[in-house]
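Naming follows writing order (A, B, C, D and E), and every chain is counted from residue 1.
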Amino acid sequence: MAAWRLVLIVAHKDLRAELRTKEAINSSFSFALVILLLFSFAFDPTAEVTREISGGLLWIAFAFAGALILNRSFAREQPNDCLDALIAAPVPSAALFLGKALANWLLLLGVEAFCFPVFGIFYNIRWTRQFWPLLLVVVLGTWGFTLIGTMFSALTVNIRLREVMLPLLVYTVMTPCLLAAMQATSLLLAGEPLAGEAAVWLRFLIGFDVIFTSLSLILVETVLAG
Amino acid sequence: MIAVAVEDVWKFFGDYPALREISFTVEPGECLALLGRNGAGKTTLLRIIAGFSPAGRGQVRVFGRTARAVETRRLTGVLGHGIAVYDELSAIENLTLFGKLYGLADPERAAREWLERTGLERVAHGLVREFSRGMRQRLAIARAFLHDPKLLLFDEPFTSLDDRAIAVLQSVLRDGLLRGCTIVMSTHQLREAMELATHVALLNQGRMVHRCERPPEMLSDPGWLYARYGDL
Amino acid sequence: MRKNIIYVLAVVAAVLLVRNLEVILLRVPVDAEQGNVYRNLYFHVPSAFTSLLGSILAAVASIAYLVYKDLKYDALAVATVEVAMVMLTVTMVTGSIWARVTWGIWWTWDARLTSTFVGWLLSIGYLVLRTAIEEPTARARISAVYAIFASADVPIIWFSIEWFRTQHPAPVLRAGGYIDPAMKSALYWNVPAILLVGVILVLLRLRQEEMRRELDGLRRLAHTLS
Amino acid sequence: MAAWRLVLIVAHKDLRAELRTKEAINSSFSFALVILLLFSFAFDPTAEVTREISGGLLWIAFAFAGALILNRSFAREQPNDCLDALIAAPVPSAALFLGKALANWLLLLGVEAFCFPVFGIFYNIRWTRQFWPLLLVVVLGTWGFTLIGTMFSALTVNIRLREVMLPLLVYTVMTPCLLAAMQATSLLLAGEPLAGEAAVWLRFLIGFDVIFTSLSLILVETVLAG
Amino acid sequence: MIAVAVEDVWKFFGDYPALREISFTVEPGECLALLGRNGAGKTTLLRIIAGFSPAGRGQVRVFGRTARAVETRRLTGVLGHGIAVYDELSAIENLTLFGKLYGLADPERAAREWLERTGLERVAHGLVREFSRGMRQRLAIARAFLHDPKLLLFDEPFTSLDDRAIAVLQSVLRDGLLRGCTIVMSTHQLREAMELATHVALLNQGRMVHRCERPPEMLSDPGWLYARYGDL
């Protein structure tokens, strides 16, 4: 059977399980709100300066809130030892990984779609001026950190101290991706077009996505059935 | 063709050898009971045969192919302690999912068939979360048998089950043997295992110290093998 | 045998270092603009170079581990990561001191400095991850995958000065700017000296790691026998 | 036996277990560094404005990094069902809770003590100007969020979805405490004395600590053996 | 004084009654084996007696006091599936810790004594993390017996143990009974339990349907009780 069908089956399974209870997605979204709230204490959100850094704020909120969804990705398989059953099934590890990453990516995009308007209101930001370029950056940036998050979720699924280790590992490795996404987003939110510096960051983001997608697909079999 | 051929397998956790030069074969239709004290290496060996982790040295062939080959995985059914079905999905969704992953022609039909065989057809659409222990165990059995595997690997299948659940599992296994399946299982509950086993193997500190047809003595005195090799 | 090699290398390194120190501190002229702080250069650059080389070697050793599943490559990977981290610390400390004098601040967040810091955190992450996994084989496998992911930061550190506008200068050495030949040769002589120190440290750590592994195995064996 | 002896026994046990491996404390500290890094992307930390909000940044970093230690507090008891043994022992739940909170508090203060100088260097901030008032605020603020964190760690120790629910619950409830600590810290870092607004926030903090300490001690028996 | 008195205890999970009007008493020196199918309520009942969770209705008295009273806890030893010792601490540190928590006069000495009794004195300073399964189990036993409890509560103590570990546990339990301890345990491994049990009780769907002295028939045919109440 074509590998992409397996990818879809896995993604569909994860989405269905998640959407049935909406646990991760709800708490991820609420957590994003809490983070925005915390930040609004730390800074005066209406100040002009804050608006300049809004891209950064937004991606920090995405990264922290998204981690709740990403961590759960493989942790979801633990309670009944389901991961063993998936590894034992005649599904290439790469397909399994892509399926899970795909599901996570869609869930994250969903959460982000809710965050944007809320954020716009709280921080008084017009985010629709460069809508399509912004969408592109968000989609690529989210894919980058979904990849890393899903991979590390798989990597640490069986280690004691998962929760303690994950943030350190994940955020460090995904910094280049986050940095690029933040900078590009800040520029686009400021109304600049996707050219010059923003374009450089975008290219950087694409490079990151390509390299890390390939690395993940190559290494995932070792990670799961090493 | 030989069902499982284990050749000179070693497994190291760091420098500690959990398995040492294990070699044996299992013919199709055999039911091999792996015995051994806590820490003898039963789980480790089963996981290597199932392809969950690679052997450190030596090789495993399942129906002539490596353990991780996709074709091998299609022929193998695994059941460990965990029931390996999803709490958030219904019984039928679970089975259909695995049917699809195994590339069955008609996953839906296979799922219904096995729900019937395990007596779960009435709760096909109930979420697993709401199932009792016994129902979950039956669903797990259905999942393991769904794709009609030729080789079954079971790690302590009888643990924590009550008499009735054990009877169900035994009857399903017996059916499997009659259909020509090969079974390898580990267990500490010798009495329950001996009714099925055609062969037994004893592991001790990572070595296979004995392998033979199940001696008739073991039906009445399951400790017989331990007693013979008692203070190894 | 290995021990003897280490001794020989140590002697060579000591001679080289003494010779270089004499040149650096007493012979080479004072920099026209910066005064004496510039002598940081002779340690700042070689240690940066050694540490980047170490990170690359760690990634190669990790790939070798995943291919050959031999724990000696794992030992090599840890040893190089540790030494690379020490060297990177030296770079950051010398750089900070330099920055304090020439730029007036200890630290700034330009691309070179930031990516260096990320690299440092990545090696910390690697070492912390290793403490969380007891079983040596799983530890080797998981940390190898992590090291491969982490190595993506090396080119970013290296090229950051070209890709982005940084406060950190682009090296005059390569860009064809002018530098006093005496300074240049002193720098060129100190690179192999520091590199050698790195190699010696790696070899020492390697021995230690091997002995520890042996000890672990023996202890586990003893426990199963009792 | 006096209850406070039991408190000390429990705290001592937790500290010993943690300090033997240093897992949580290492990764908490490194994670704090990662957060400083992420923030530095979002804001230009050398700008004057950023320095004004530094108190906020610092506490957000403490809160997120500290969560790693707090989450582990009761999670530490899970692997071998140790919690059952503690609950079964003739120790009042309040003593158990206080012991754990005490251990967490000390660990957090340790991590924070490391963070301050690093933060000072990276963000170019002089934090010693109002040292003693600052210490007071840090100690009280940390106690407040240790309390909440430990309590929720106990509350969620047995629920599936621990990792997902915890951040949301904890940060929402500890917002008042964080807010007060942030504001007081910002004022003190700006060199103002502990009077006027800063004193108001301090009093608020004390109120929070007193109320939540009492609440926790009253409720913990229900939580653990409800 | 009666060791355990359970009076009309109910336990609800949501609306589902996991235990219904359970009443029984255990005299000092008895060893009661709680039998019952998966989900019958054995674990739930033991946890209520141990004070881990309160009864929904009715009450439990242990030596005349409530289950959560500090004095009761001092008299009770609990051993579940988990070994309940800390991996990061050494064997002696673990025992000393619990000795202190139980307020023993000389925790250190009690710890050493029990390490000796369970044959762990040689590894007293080894971290539990490095212990094998059997050693951990022995340490867990030492922890449960350390404070010389008068009532022992065990939930499926024999699960996943090999023959040798079971023998160790049985002998420690037998010693306890000789010293006058009271034991309540749940198990599916009837054969191992019957050698110790002086009384048996059968739970079925949250009700206690039978309670009696252990009939002599059950030594040779452990399924006897189930067979009598077979299709309840």
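Quick note on the criterion: a residue touches a chain if its C-beta (ideal position, glycine included) is under 8 Å from a C-beta of that chain, and two chains touch if they have at least 3 such contacts.
Not measured: the values here are computed from a predicted model.
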Task: Chains contacting each of chain C and chain E, listed by label - done: B, D
Open item on the list: Per the definition at the top, count C-beta pairs in contact and tell me whether B-C or A-B has more.
Closed with: A-B
TODO: Look at all chain centres (mean of CA atoms) and spot the one farthest from the centre of chain E.
DONE: C
- [ ] Please report how many Å separate the Cα centroid of chain C from that of chain D, as a whole number.
- [x] 34
Open item on the list: Taking the mean of the C-alpha atoms as each chain's centre, how many Å separate chain B from chain D?
Closed with: 47
- [ ] Indicate the whole-number Å distance between the mean C-alpha point of chain B and the mean C-alpha point of chain E.
- [x] 31
Task: Numbers and ranges of chain C residues touching at least 2 other chains - done: 114, 118, 121, 124-125, 128, 132, 134, 220, 224
Task: Sites on chain E at which at least two other chains make contact - done: 132
Task: Residue numbers of chain A (touch at least two other chains) - done: 79, 160-161, 164-165, 168, 172, 175, 179, 226
Open item on the list: What's the complete list of touching chain pairs for this entry?
Closed with: A-B, A-C, A-D, B-C, B-E, C-D, C-E, D-E
Task: Residues of chain C defined as touching chain E within the complex - done: 134, 219-220, 223-224, 226
TODO: Spell out the residues on chain A that touch chain C in their complex, using ranges where they run on.
DONE: 148, 151, 155-156, 158-161, 164-165, 168-169, 172-173, 175-176, 179, 200, 204, 211-212, 215, 219, 222-223, 226
Task: Complex interface listing, chain D residues touching chain A - done: 23-24, 27-28, 30-31, 34-35, 37-39, 41-44, 47, 49, 53, 55-57, 59-60, 63-64, 68, 71-72, 75, 79, 160-161, 163-165, 167-168, 171-172, 175, 178-179, 182-183
Task: Residue numbers on chain B that touch chain A, as the complex places them - done: 50-54, 68, 70-71, 73-74, 76, 78, 80-89, 93, 97-98, 100-103, 143
Task: chain C residues touching chain D - in the complex, by the definition given at the top - done: 96, 105-109, 114, 117-118, 121, 124-125, 128, 131-132
